[in-house]
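Two complexes, one shared chain (chain A), two partners (chain B, chain C).
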Partner chain A sequence: MNAQLKPLEADVARPACLMEITRTGARMDAVMEGIMWARLRRMRTRLQEALGNAEHGVIARSIHAIYEALPADRQARVLLSSEFCESYMALDAARKQRPEAGADAMAWDAESARNLCAIHDLVQREKALLDLASGSTSRYLLESRDWVVDSPVGDQLARKDVQGRWTLETPPMLGDCVAVDLHSKVARHHEPRSGVLSQPCLALDEAEQAVVLDKLSRALAGIDRAEPLYGLVIRNFVRRIVVRKSEESTPDVARRFGSEHVPRQPGSLRLLNIHHPELSVEACMESIMHESTHNFLAAWELANGFFVANDYQHRVVSPWSGNPIPNSSYIHAVFVYYVCHRLLKSHLAVADNIDAAARAHVHRRLAVCAAGFLIEQDLSSRLMSTQPLNADIGTMMDDMQADMKREYGYGRQQ
Partner chain B sequence: MKDNRNMPKALSALTLLVIGSASAGAVMASEAPVASSALDQATAIVSLDDLAMAEFQANARANNLEALATGHHDDSIGSHHHHDIVKEPELNVEATRFNV
Partner chain C sequence: MKARTIVLYTDHADPVARRAAQAGAELLHLDELLPMVRAGNWPAVLDFEPSAAMREQFIGARVVNRVFSLANTRMDGFLRESGIDARWLHIRLQSLLESAASVCHDTGVRGVSRTLMPLNVQWFELKRVLADIQTPDFVYSIGYEAPDLRGLVDPLQKSVWSLFDWKQERNLLPEEKRRHQFFVSRPQGVPLVSYFCGGSADGIFFPRGEAVPIDLQRVHAINQAARRAFRSETGELLLFAEGGQLRFHAFSPYLLSVADEPAMVEMLGRWLAADDSSARSDDARHALVH
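For the complex of A and B:
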């Protein structure tokens, strides 16, 4: 494997490279590798920018010192974590908003301090886990009032026993490399605007945990079988799957299932109530792929720039949901539905033990995924941006639409 | 649709480095010295005063992309890419409004 040469095989600086996920061709390996390294370098630059701000003082000096004490692979884990991205974005937003905040300037100072401390904390956690792995309990752990301390990417944790001794543990892992987060502070966080994390947070019992892990494992195996490259997209671009249970599996409860990706938390996805036995492996496959595609696109955007400004005032009516959604979500949606359609179609072609109910479910979902593409209007013409867009974006959307119309025999003259 | 399912596939070298450091005995850095060396270069912070972010913003602007992250931290509805895994008749209306 040659990580330096692979990215050179694909021009990953242009949005057009993202079409490889729709083709699952030979260049996809190089595109994934290139996007990941570009994102890593961009995150390093973001940290560098935060540390170089003279106003960040002693905390920035301490972050820098701890970061420099980490080996390169641990530094990469910090930089690629959802937690780091979320904190630097908030720090960046506070820096830009403060000069015009007037009487609210103190609130933005507090936001800067809070997020700088969050970055300090996550760098310390990575260092503490590294030290513990080599037999040393750091001052950070000795002084911690927490009983469990997680790595920023969520794939490792330290637990304190009643004697105050800390030991390393690994959370459940999907495909040997994606953490399934059932219990952490991140998993139990209440987020009012989230469709998943605003729901009640109930504890999964042992049987429900087993159901969740088995279903996720079977879903990933199904994806690996149907489209092996999509299994790699998940393993490369998702480090943490947060699972929220908000309902008991009692017969009289109306079920609510959902999944979510948040742009400020790249590398994470959220699933709601997948412990319910009614939720099929096929539904879980689609959901994981849906959110992983968002993560793939978000990684490119973080490395190269966002497709569009996040303007929540100008919205596009989604041809899939009928909801008015921001341009950024709409562009993502075109990729997501195309990729999910490809996955489900391949699944039907290769799965040998799919039962009638699951087969009917997949056919329904194929129809839903395809429907948004089968409108007469060019998908790119629905974008509501007031700014000029990169030309690749509209071309990619219309190419996917044309491909889907060909597949379903929809001509322009119909 | 071209069938590429039988092509050889491998996990990214960067993913292996990142996940390897947290799993006992799974470090493969010694097997990929080139990747390891690239990692050193990609994560090292050698100067706090360089202009990398300014260059990034200029490049993004030139390509009609948005360099600024402001807004993506915003928690207004639409900042989350949410979808209902299955649309059941009894599904709560409050939940469906998040869908893309």
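For the complex of A and C:
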């Protein structure tokens, strides 16, 4: 067999393929491409399922017609948007949980209708932006009471002036392909479950916006320099970075900054208060990589099935943060801290202008990343699942732990 | 041959440490290791160089690791001043403990050590070993979301880390009160504390003085399941007797509820003096009700 074809051989249906992100080897390109295509196909199937449900009637017919009128690249943008995935998952949950009759059945009907309408709205927005790009203002925009309408992936927006004229704009972009979302409805949304979006939303002034964009682009450049494949992971699996400015100061330093990814919104990540000067570029690099690794893993899960059933009652104490977290987050955490450790170590090796304070910060973070692996217990044994798991998952977790223990000489006399 | 027993501890009031000398065990306070540690640059982070004599002392020993908390130790002050996370102390201790013949209690900080788990993890882990054990119903909300308490009877908000406050929670931090709220059904029935040393010495007592008939074989089975699940050769459990059933509420290695119970004092002494960590000799069998 031709050895040059080997990098393309990657069984992306098995969780074991995800270990490529820990090795950044020649197969990583094939793994990323395989996951993206698998996810696109899975999302298309999900849309077909939603439209094929006879109960969805006229709205489904309209979604289908608008979707079919979009060119293939625009269809893909819809299917890969966080908004579509979130609405589809909520629609699916409503279908599965709806009882036969009673008040609860009506509540679930309302939930189905709300999410079907959300999918209808997002395909309309994509079509309206396409039309506007070719000089035509659609009825959707003409009838809209909003002043700004953004694309489902967040990388384009239409703005209305006081004369009612709509024009296309592009929000700030990171690495030419990741939208930095400072103002949209998504960015201003209040979400009680979220560590970032439950914080009061304050407007970033122009100087702060400039700081945010500069810090993000320096962080991405640092990642590109330290581990180019990780830069590709970010560009391939993140479409939108939501930036939230919250209270100017809180006595709890741990809550002043934050970042998160939520599984129902693949392709998005959220950053809290990165405009603060005390948050370094190195800290920003780690946050972006941390959440992008979640996105990479979530994309695989969306295409192939979740690692473990969603269960928030059982929470494992993270050996890194000390916080009780769901099993799924814990499995992700093992990858995330391994990848961030690898990134920060490479950064120290290649960065030529890193000052003493930044170097000390990176050393502290490397110690945090490593410490969670250097524990007596096998990481896989801590999972609190009542269901059998794919054997690859435990093996991957323990392999990463064994690797880190070897690197740090855990248990050996110094 | 009788293995040397070493009790490594941090709290001078620790019930096991207090009984160790009398039982002929060796006592080692964590602060005695202070001259052997120093802050290092990454990747060393924390250098730990025990003397050859100390390494020799641990080889083949039976170690009781009572490093549950660093509070009030000089080691804690040193780590804080050096900006070193306590996790690294446990990481370095492992290099010493690995040469022991047996180690009672896991190493690691709270939540990492299987000996120091939060309530909901304790319930899950005990069920792994003893599938039919009853545990409290609970609700665990996410973020600032309000919990749905409809499935609970007389809901009580608790800290997941608070093992023994079941009438009124006194250890709820303000952050826990608002975020990731944890509620349980308030306990029903008669509380009892069961305790054990090794594989065959068990005891129970009724903290409210109100005794009810108890199946001692069942208590033994629960104690042994806890011994395995929480990697502890000694510990105490809070159970509630509900009719003929026992419901497990919490495990604690601290032994604070039973530290001054004469039967426990005697049991601890025998266990610490025993030849091996399993203490399975027939003459060590106790089934005390008091």
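The criterion applied here is as follows: the second predicted complex is superposed on the first by the 391 of 414 C-alpha atoms of A that agree within 3 Å, B and C clash if a C-alpha of one lies under 4 Å from a C-alpha of the other, contacts with A are read in each partner's own complex, and residues count from 1 in each chain.
One rule holds for everything that comes next: a contact is a pair of C-beta atoms (placed from the backbone, for glycine too) under 8 Å apart; a residue touches a chain by one contact, two chains touch by 3 or more.
Quick caveat: nothing in here was measured; it's all calculated off a predicted structure.
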Touched partner set for A:Glu291, first chain B, second chain C, both or neither: first
Chain B versus chain C as contact partner of A:Ser151, first or second or both or neither: first
Touched partner set for A:Gln401, first chain B, second chain C, both or neither: neither
Chain B or chain C, by number of chain A residues touched: B
Partner chain(s) touched by A:Gln124 [first = chain B, second = chain C, both, neither]: neither
Partner chain in contact with A:Leu366 - chain B first, chain C second, else both or neither: second
Partner chain in contact with A:Arg46 - chain B first, chain C second, else both or neither: first
Partner chain in contact with A:Ser194 - chain B first, chain C second, else both or neither: both
Contacts of A:Tyr410 with chain B and chain C, given as first, second, both or neither: second
Contacts of A:Tyr312 with chain B and chain C, given as first, second, both or neither: both
Intersection of the chain A residues that touch chain B with those that touch chain C: 191-195, 312, 315, 318, 407
Interface residues, chain A side, partner chain B - complex: 1-6, 13-15, 23-26, 29, 32-33, 36-37, 40-42, 44-49, 51-52, 64, 67-68, 71-77, 79-80, 86, 88-90, 92-93, 96-97, 129, 151, 153, 155-156, 170, 176-177, 191-196, 226-229, 231-232, 235-236, 239, 254-264, 271-272, 274, 279, 283-284, 286-287, 290-291, 294, 301, 304-312, 315, 318, 320-321, 323, 325-326, 329-330, 332-333, 336, 342, 345-346, 350, 361, 387-391, 407
In the complex, chain A residues that touch chain C: 191-195, 198, 312-319, 322, 324, 363-364, 366-368, 370-372, 374-377, 384, 407-408, 410-414
Contact footprint of chain A on chain B as seen in their complex: 1-2, 4-5, 7, 9-23, 27, 29, 32, 34-40, 42-45, 47-50, 52-53, 56, 59-60, 63-86, 88, 90-92, 95-100
Residues of chain C that touch chain A when the two form their complex: 41-45, 47-49, 55, 83-85, 87-88, 90-92, 94-95, 98, 106-114, 117-118, 120-121, 124, 138-140, 142-146, 160, 180
